[in-house]
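For clarity, chains are labelled A, B, C and D in written order, and residue numbers in each chain start from 1.
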Amino acid sequence: MQAAAALAALVMALLLPEIAGQGLVFLAGLLWINMVFGFSWNLMFRQTGLVSFGHAAFFAIGGYGYAVLARAWPGLPPLLVFVAAGALGAVAALVVGVVALRRSLGVYFAIFSLALSQIVAMVISDLPSLGRDDGFAGIRRPVLDLGVATIKLAEGDNYYRFLVLSCALLTLIVWWVTHSRTGRRFRAVQQDAERAAFLGIAVARQRLLCFVIAAAVAAVAGALYGPWLQLLTPELAQWTFSARPILFTLLGGAASFWGPAVGALGFTVLEYATRTLHGVGEITVGGILLIVVLIFPGGIIGGIIGGVRGALGRARPVAGA
Amino acid sequence: MLEVGPLDAFYGDSHVVQSASLHVAAGEGVALLGRNGAGKTTLLKSIMNAGPTVRGPVRCDGAELGAMPADRRARLGFALVPEDRRIYPHLTVQENLAMGRHGARPGVPPRSTDEVVEMFPLLKQLQARRGFELSGGQQQMLAIARAVVARPRLLLLDEPTEGLAPVIVEQLVAQIQAIQAGETLALLVAEQSIWFARACTSRLYLLDSGRVVFGGTWAAFDADPGLKRYLAL
Amino acid sequence: MAAGIARREVMVSAAAAALAGVAGRSTGARAQQKPIRLGLITPLSGPQEIVGRDHLAGATIAVNQINQAGGVLGRTLELETRDDKASPAAGVAASKDLVSSGVNLLFGVLSSGVALAIAPTLKGDDAVLILCAASANELTHEQFTPNLFRASDEAYMRQRALAKVVAKDYAAINSWTAINPQTAIGASNWDSFVDGLNQFYPQEAGHNVEVIDALTVKYGATDYKNEIAQLMRRSAEGLYLGVYGGDAVTMLRQAAPYGLARKFKVLVDPGSEYIVAQTLGKSTPVGLWAGIHWYFGAYRGNAINDALYDAYVKSTGNPFPAGYVGEGHAGVLAYAAAIQRAGSTETGAVIGALEGMSFASCKGKRTFRKEDHQAICDVNMVQFAPDDTAAGWKIVGYRVVDGAESIEPPSPGKALVLNTKRQ
Amino acid sequence: MLADLAGVVFNGLFSAMVVFIFASGLTLLFGVLRILNFSQGGFFAVGAYLAFSLTRLLGPALPLWRFLAIAVVAGVVVGALGIVTERLVLRRLRQVDGAYSLIATYALLLLVEGIVKLIWGVDVRSMEPPAELSGVWQVGDVFMPTYALFILAAGLALFVALEWLLHHSRLGKLMQSVATDPWMASVLGVDVARMQTWIVVGGFFLAGIAGGLLVPNQALSPSLAGTFVIQAFGALIVGGMGSVRGTFMAAILLCVADSLASTYLPGVPGVFFYITMAALLLLRPQGLMRGAQL
């Protein structure tokens, strides 16, 4: 059923430009990227219990990595550049993970990662070659050479469709990692690290692997973001941006794989609905978020499941009462 | 003095205690026996309303306590000594004892530290030690001492002998009997050690898989050898 | 100054005529046609909201004035506003949202980052954007796009104009230094100012000027004491206060016990407008100069200026409209003039009309260069001093520099080349 | 270069005290309730704006005693807001995962920021320090503004007071007990919920008073709410699980390192705070005061 729903969502996403205006299509593109970003964060959180406040750093590394590579070697096949951006994120995560993950966990790792991402943001805003805080401008949408055909992604809604398919692929990868044997090992680590170690799972190595995969996915999401907005800014590495996948995940429900998607959708709808409420934007967004978190501590999905269960429970005659 | 049930207790989705009923008269000693995981600890915590989700009545002197929180039950005269003792590691023995004063009933002055140390002489030398510097036996002693500071009317002891040397267990029996002799203190002891339970109490309940399967005197218990199976591993 | 006033007096453009009611048609004709919708994109939440509100106030006044005078091509104007949150992604979302709801004429935008993000989307979306504050040079250089115009000051033009004024008024000064934010615009502003110092000191004062390395601080920093202590030890006589708005306030507040303002002969703030004086009140440094998009006091007697000023004061009670009010106003006037000239609201026609067009605004004539779409306009500066009134500050002087004297030659598609590099 | 070393260290210490004063309430909340309270910055801003408005209301003169009294009033008002926040928000977060409380307090930060803007508007404001604190002491080459000396003294006083309260008073022992084992405290008859409410009130009181004391230090604008939060989080975590002593030491280490680096090492200003933070967390992964109490 999940597969059918996901497929239906994919088809709808691909058909969106036929029925919606440019504004909605652009927002939808951001939404798909946000969803993938959220999935990658929740992969760490849900599978190994790792809380990162600096996930945006990998998003930014992927984004800037893609932009720099594409500018320096315009001849490289674009798909390779996207993969390279992901690899860049993975390598960065590997370095950070090897140094830090073994030693620091929980809130300490969260704040450590936050410090790292602030450093990345500050370095980007200091490098003239990366456009500093004005942003890395002029990122082109590439031409895909598929052998049989070439597709100019700059034309029409081509890049949007490419974006949808890429995000679907990334989602599939995260799904596969989550539900594979590796994913189950991650899960064992999250539930009881000592027991997992006793069962012969190399806890630190599992955490590191999960961290690296999550970073790589976030980096590819960042790489896709660059040509979509055609601009990258250092805010992409800042803590406020790191807060987004956390927000999506918890808003949607961390216990479910689809939580980040539901949360990102909810957040986008909220932002879109309040876009002309000038001056009270913070109050409405903050207030609604707060209410959702307080009423549904399991996120939107948790709330729906709870609601359905509650309705079923009430409908069932209480035995022996 | 205490009337419980029929009471159900849950941890999340798991139904740990199932329509259990028991009562303890003022000054009476009652044992709660059962295998590991039979629901003894959950039942004690339910009486205190400290943890599990509870459905069903807990009455004190006939008054239904409802949703009354643990701290108010403590000030009603209930004192729970948990299985893991929960001594504050950073506080000294003296300070740990002082924490016990918070449970004093209105109008009933709590015992002074000297008074308590008199009852548990073992603690005398240890007063300035911190919680984390105590041995298991010392911690158990302190946990019980801390519980009686407020002059409770009902002492709920959860596995007090677990991990203690036999000599210490004997001391413990003597001390508990001494306290009970001094004033009206009802006792509900959850135990696996039949010997200890028998020494402190006059009646027992047997718990199995969350249900009360037997309630009666020790004589009745001894008369039915079939009951032993609820205790065997 | 006299020449400037004369120039403004002889100039009549379509928008000025519209304001005076000349170009309007009867209300009957207007009612039959749909209004022309203009899309204002500006920060309306977050720390930059204050500027967004000024943009909105100015634009609203302009729309009301033009509608009262009969509209444009017999149609009324209508404002559609979107919050760009000073974030590039939100800015593009806002612009696309406007375009897909049928609004192709966009204006506003404070942050250069937002402008750089929207710029490449304009052509594909068949929309025009008139920038009313974003000042980064690259918008009319390497990131030039035919669908983008800038009605307001460009960084280079503004900073060099400031340098020209100080070279003339503070000819005795031999050395300058600066405290700048660690931002792209902070660095480029200072580079442009230095470019101006190196050109105008020899021209106006007859001597070269020494430039001592600028200090850089984090944007939004809360403590400037180390930098203040370093500045106190410098031999420079002129201080360029590149830190902006609230940061400048924090820095000057912390600098007061050190006597920083007394140490330097002149302080130049490139763009905080009234913020520093309004906030510091009696603690305003004597003789502080600030760059401003539009200073109403410099254009008394100009009908557009006076009408805007009166309308603003009437609706807000604030006697000091920020320069951004004037820029929001000018954005609407530019479109009104271009639509009038083109006889159409189609993107291509409006672009054609805007290119090379002069229009009258609250700060006199502005002319969009055909080549790079940058408006040549006046650069305004005001000078403050503390005062005994309740406000605690007053304006003690102002300067108007013709932008043509400080702007670079157009080079769309190519990066701006500085005459001299900072050493 | 070395001549101004003393000045640079002095300025670093000043920043450290600013961060500590801001973080003290945060430490209390984190130490006892395990809530990393994002909204602290919002309530700090409320305190600062309140102090600003009260000062305006009471006329042009601002003697030192009035400045201090206003800061206390701001603290009391924000403390009262703490009761409301505790009832409506924080109490409901006890049962849920820590990450949720982070999001809830982040939402609260947005909400408070929006409300501050509705009440006080978006204009930048600023306030002078009281006359007694607007001078400067010069010792050799080192300039020491009296206001900075005052903040240094205030930070130190706050530290000593909190240390005494937490480690030497009966209330402190009780707070520590509630912090380490709230369950056992309630079984022993301590009204933990009320205790926790009072701790929230205390934490908010400190946020309000920090706002009142630090108004003259920087401009007031809607972005004030987010200004110190990240630095304070850094000091809090580098210090170790909500230990006041740890936060105090961490604030000093981080700020003095940043002050030294921003003067002597050319580079990105402000980045050294985070570099030091990351390095300290690698050296002491559980914080400076590992396992310490409050």
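We take it that a contact is a pair of C-beta atoms (placed from the backbone, for glycine too) under 8 Å apart; a residue touches a chain by one contact, two chains touch by 3 or more.
It should be emphasised that the depicted structure is a prediction, and the values quoted were computed from it without experimental measurement.
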Chain labels contacting chain A and also chain C: D
Chain whose Cα centroid lies at the greatest distance from that of chain B: C
Selected pair, greater C-beta contact count between B-D and A-D: A-D
Cα-centroid distance, chain B relative to chain C, in whole angstrom: 77
Intercentroid distance (Cα basis), chain D paired with chain A, Å: 32
Whole-Å gap separating chain B and chain D, where each centre is the average of the chain's CA atoms: 43
Euclidean distance of C-alpha centroids - chain C vs chain D, Å: 38
Multi-chain contact sites of chain A, meaning residues that touch two or more partners: 122, 125-126, 279, 281-282
In chain B, residues with contacts to at least two other chains: none
Multi-chain contact sites of chain D, meaning residues that touch two or more partners: 117, 268, 270
Chains that touch, pairwise: A-C, A-D, B-D, C-D
In the complex, chain B residues that touch chain D: 48, 50-51, 69-72, 74-75, 80, 82, 86, 88-91, 95, 98-100, 102-104, 146, 150
Residue numbers on chain D that touch chain B, as the complex places them: 170, 173-174, 176-177, 180-181, 183-193, 293
Chain A-touching residues of chain D, taken from the complex the two chains share: 36, 89, 92-93, 95-100, 102-104, 106-115, 117-118, 230, 233-234, 237-238, 267-268, 270-271, 274-275, 277-278, 281-282, 285-287
Chain C-facing residues of chain A, complex: 20-27, 30, 122, 125-126, 128, 131-135, 137-138, 229-231, 233, 235, 275-276, 278-279, 281-282
Touching residues (chain side chain A, partner chain D) in the complex: 45, 51, 99-100, 103-105, 107-108, 110-112, 114-116, 118-119, 122-123, 125-126, 239, 243, 246-247, 250-251, 254, 279-287, 289-290, 293-294, 297
